[in-house]
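Across the two complexes that follow, chain A remains constant while its partner is chain B and subsequently chain C.
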Partner chain A sequence: MKVALPLYPTMIVVLLVSQLPFLLTLWYSLNDWNLATSQDGPEFIGLANYAEIFTEPEFLQAAGNTAIMTVGAVLISFIVGLLLALLVNREFRGRGVVRTLLIIPFLVLPAATALLWKNTMLGTTYGIVNWVIGLVGIPPVDWLGQHPMLSVIIILSWQWSPFFMLILLAGLQSEDPSIIEAAKVDGARSFDRFRYLTWRHLRPYSELSVVLGSIYIIQTFDAVYLAAQGSATTNLPYYLYQRAFRGLEIGQASAMAVIVLIATLIIASIGLRVASNLLKSTEGRAS
Partner chain B sequence: MTTRTATELITVTSTRRRRTQGRYGWMLSALTWIVALLTVFPFIWMIITAFKSEVDAVTLPPKLFFEPTLEQFQTAFANNFLPFFQNSITSSVVSVVLVMVLALPAAYALSIRPIRAWRDVMFFLLSTRMLPIAGAIIPIYLISNWLGLLDQTVLLIIMYTAMNLPLAVWLIRSFMVEIPKEILEAARVDGANFYQELWRIVWPMVAPGLAATALLCFIFSWNEFFLARSLTSVQAQTVPLYLVGFISTQGLFLAKLSAASLLATLPVVLAGLLAQKQLVRGLSLGAIK
Partner chain C sequence: MIFGNPSTTSSSPNARRHTMPPTEEGQFMTKSSPAALRRYRAVAVVGGIAASALAVSGCTASTSTPDSSDGVTTITVATAAVPQFDDIRELTPQFEEAYPDVKVEYVNLPEDQLRDQLTQGVATGSSPFDVVSIGPLEVPLWAQNEWLAPIDDYLAEDTEFDEGDIIPAVASGLTLNDQQYAVPISAESSMLMYRQDLFDAAGLQMPEKPTWADVAQLAEQIQDPSQNLAGICLRGDASWGASMAALNPMINAFGGIWYDEDWNPQLSSPESVAAIDAYLNLQRNYGVPGSSTAGFPECLTAFTQGQAAMWFDATSAGASVENPEVSSVVGQVGYAPAPVDSWDGNGWLWSWNLAITSTSEKQDAAWKYLSFFGSKDYVKLVGEELGWERAPSATRASTYQIPEYMEAAPFAQTSLDMVDLADPTQHPSETPYDGILFLLLPAYQDFGTQVAKEVSDAITSGASGAEVGAAADAILARFAEDNREWADGE
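Our next item is the complex of A and B:
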């Protein structure tokens, strides 16, 4: 007996709450509709919203900011995550405690992360970072004022490095130690062992972490909204929020949402391919 | 003969490694500790600052020794922290319960007695998880407004349930796939029906996995900001919005901010540390054991 019945409630909830809205967004994006000015509801205008937003410098900048922010934060988090994973993959005293400590940044409420970094860490007058660089004679830096994008990337990297570390650490631990031993016996230097064995073995884990990390980081809202509002850091989710909720531009904001969707879908389609490989290996009895 | 030499070799090399670890190993271990403490420093600093007076909080060089005070926590509570906390608890806990009730049978139909199109269903669910919520927020807002659900906790419950369902199904399925085939077959031979199989055999075997799944969904709901910001305004606001409001009404006071952040963060850090062992699995949607 194979029953689909237990599946229906879940499918209905997912379809209604997370699929229907996307279709509606697509429809709104083809309409001229401003809640403040259009008295008689939406008016179909085809692709005019898209033509308009693509000539809008603010939109293009937000798209560029999203790309810089996502690539920057993913790259730094990946490198830091990999280094952390390599460090805690060794046997040493207190390994369990260190791993636990390293997970914490990922758990801290992102809204609190944004506010605390903005004020206690990167603050101009009382920030710890400026105090520390002051010890070696570097004058204080107005981090969020002068380097808002860098600040947001630092905040995001702090938050997301543990995510990359956890996935890469799982990869390191699944590596067969006898192969590494054999390579050592053959006289391979540790850098070569990493480059030719570990790095290759890690590849699917690296892909998975980068794809999932990108999908989450592209949606960043808290860090921009709470730490660094301004044109230099406005990414697509924040710009869309402004247009929809402050400008009440339903049609245009929807067109932007569709662009965000397409960008994410491109990353997600790569993600689905990675996931499909992983699903094959965990298939078990279900096939 | 060959195997013996190989074993011997490995023994030799592992003693050699232990020796080199003795020489450089402690330096790497010390480095690891330093890096870990630096990484977690902003969090530790938040805890320390939360117990300071405002004057001590802005003293430079930073004060490590000071007279601890609970004053900032009192301010946080006096500033109406509890209603926000309750909203967060209600929307997170109720949505987690709903997610589990919906995901458990769904995962069952995708693993133990898989329907023919199980693979398509799995990918459909995963694709909804990957879509950015910003892409759906406008219709969600308009429909909620039309239904009179804006600024109601029930709306957040519905949204968080839908948001976490795909993750939960993927994760619970990965636990179910691991139940040994023989146990299920034995139960079926003994004439167990669908519900008996689910509640007597599957449930106890996946219970630890379910607990981890629930904790993860709790973390994601608790930390969620975009939906809470967009869909609530006064009465259904959650803890992240408390922090936002706190800053705008209290101004920039580092000790108060730290105390409020600590209160807001504590439930999730505790949940995360409890679910630590299953965290990787949850984050990789069940792909990594």
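Our next item is the complex of A and C:
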């Protein structure tokens, strides 16, 4: 093994900056420490915080909500992203403008997105969505009150579809047009060409977009905090925030952070494997 | 990721090592290729919730020396996004003219965010603020944790301030062990506002002392969905400052309490359940659209734009209702006392106050700020500059001797009466805690919010009062031991 001496100072800094806070979190998670009431500071209690978390219905509900929210938003974003990618993969006049416009939701600040949807789009009295459904005679719906989870999923899908579109579009662009041409000559219908050729070619890109999208959407905070607070939409990041800053339960919140970290790492490691497979296969094709 | 945010707190000079539990962000960046993207995302998330904290920590870093060389002291003040503080910010140039050696920088946040930010800052000793705006829930608790600086010495020196003029019910909530910790800039109880013109047109009469049953009946008769007119607006958002602010006075009115003397949860008692049912009935059947997400600003808009015939809220709302700049119903509103049921000592008591943090190195300049905006002269200044209906209400007895104020503010007498009536130490039956709008316990922010969620969810889910009460009691039971320990430890 080679010793790359000049790299070590950098590595030490990186380790300190990235791992020290984590070690502190681990330590806090073993303590009973409430900022408002623990006058004597942290008190070591072992794994009691972890035991408490897993028996707490709120935590389990928040975990369930996180799963529903993530799966729902990823699914919708993927389908919408795929349709958009297929659309802008075609040649037509103004394609560049359309592509740019479609990416915009991804570039809007998440906090702005949440407030925009809460007030301008989903507002009960003045919201655009209610105005539109009012045109066909549907009475106004209290979106955020009656359907909080659906509302959050809609907001997230709007925000993340462009991300899926970008990855899938990259996949479509890398498809060899001569194969499609050959299939056309052989008389394959357009749906079959998609199903048997394009879809297969897209598979690694789909996997990558789903894994990356899941990692991002699992962390959703803005949409919940700003647009739809309530038990029905409380996901893990928001619940963690509440435990830490409303409840000031630093020990308990740290334990939750550790659990969320482990869950995210599992998904992330799947993601890394997908990404490296993708790299390998493109390299293989290039050579 | 929301904690992976060390820059917001630890860059502040007083930050202790323990500022905040970090999370996976740091971990992840060392291992994965999408780290850069992820970092932007994390920054964006953090930015969304803590933009102001970032700004603040930035500015503390630059102003951490007690006095700058030119003799001008800059103090940082945290204010809540409520109309009273909008007035204060608007009149700050007058303050800076009166005290040329003090400059003021503001951080303005919505109530809930403000509370989170402040608690987190003062609890970790990293608060960048010299002056904080807080309520009577925080003052004694924070004073006990030594997060606030007592102001008795300043009060003794500053004879012009005349603290004896402050309304006693308000002043007594701002003390701990006979030491004063804050100056009120606005105080309020609750009252029922109603559209006199609509009531007259419909031939309806508001009783002099309405009950909640009267209110439900009136709401049914006055509401007109075809005209987009709701019967009543009540706060319903899932936070203790929203749905619980509306429900707590009702629980009091119906004779309910939160804990009995042995710290047994009491929100599923028949009295409490009756109150919750009455609240849910009003919200579901006569409330404004989206009532489960309505807070003070939403109700203010609905009522002043003619979309609600009644509004039960803080007496301080009158200032906005009678302000022609924001209200289209000026002069058409009647004011009734907070509705009652079996117990009539209810209502709520809340005040907005200015206090000096114990970590501030500019306490002398901070006191100048407190004494200016807590003074009698400031009441007159608001009256003359911004309109008398906006003058700070229920902080000083002398305010109610100003004829211009009494004329411009038709809600003034109701407001004063309700504040006088509100006594946070009195409950329908004996309780081990104080407080009628909130429970004076450090964990109330926490369990109050959890109960508020249950209530807010029930508006749309259709859960019964008994179900909400049972769920609330389960939450209260979990906190009972902590609450008892804290109360006994005093």
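Note that the second predicted complex is superposed on the first by the 262 of 287 C-alpha atoms of A that agree within 3 Å, B and C clash if a C-alpha of one lies under 4 Å from a C-alpha of the other, contacts with A are read in each partner's own complex, and residues count from 1 in each chain.
What we mean here is this: contacts are C-beta pairs under 8 Å (C-beta built on N, C-alpha and C of every residue); 3 or more make two chains touch, one makes a residue touch a chain.
Nothing here was measured: the structure is a model prediction, and the numbers come from that model.
The larger set of touched chain A residues comes from B, when the choice is between chain B and chain C.
Touch criterion met: A:9 reaches chain B, while chain C stays clear of it. When the two structures are aligned on the shared chain, A:158 is found in touch with chain B, with no touch to chain C.
In the superposition on chain A, A:242 makes contact with chain C only, while chain B stays out of contact range. In the superposition on chain A, A:100 makes contact with chain B only, while chain C stays out of contact range. Once the two complexes are overlaid on the shared chain, A:37 sits against chain C while remaining clear of chain B.
In the superposed model, A:166 makes contact with chain B only, not with chain C. Judged by the touch definition given at the top, the superposed model places A:140 against chain C, while chain B stays out of reach.
According to the touch criterion, the shared surface of chain A, contacted by chain B in one complex and chain C in the other, consists of residues 14, 17-19, 21-22, 24-25, 28, 109-111, 125, 212, 215, 219, 221-222, 225-226, 237, 240-241, 244-245, 250, 253-254, 257, 260-261, 264-265, 268, 271-272, 275.
Residues 9-10, 13-14, 17, 25, 28-29, 31-33, 35-37, 39-40, 42-43, 45-46, 49, 57-58, 60-62, 102-103, 105-106, 108-111, 113-116, 118-119, 121-128, 130-143, 158-159, 161-163, 165-166, 169, 174, 177-178, 181, 194, 219, 222-223, 225-226, 229-230, 239-241, 243-244, 247, 252, 254, 257-258, 261, 264-265, 268-269, 271-273, 276, 279-280, 283-289 of chain B are the ones that touch chain A when the two sit in their complex.
Contacts from chain A toward chain B in the complex involve residues 1-7, 9-11, 13-14, 16-22, 24-25, 28, 83-84, 87-88, 90, 92-94, 98, 100-113, 115-117, 119-121, 125-126, 128, 131, 158, 161, 163, 166-167, 169-171, 178, 181, 184-185, 205, 208, 212, 215, 218-219, 221-222, 225-226, 236-237, 240-241, 244-245, 250, 253-254, 257-258, 260-261, 264-265, 267-268, 271-272, 275-276, 278-279, 282-286.
Note for the complex: chain C touches chain A at residues 1-4, 6, 17-18, 20-24, 26-34, 38, 41-42, 44-45, 47-49, 116, 119-120, 123-124, 141, 145, 228, 237-239, 289-293, 307, 442-443, 445-446, 449-450, 453-454, 456-457, 459-460, 482, 486. On chain A, the positions that touch chain C within their shared complex are 14-15, 17-19, 21-22, 24-25, 28-29, 34-37, 39, 58, 109-111, 114, 123-125, 140, 142, 144-146, 212, 215-216, 219, 221-222, 225-226, 228-232, 234, 237, 240-242, 244-250, 253-254, 257, 260-261, 264-265, 268, 271-272, 275.
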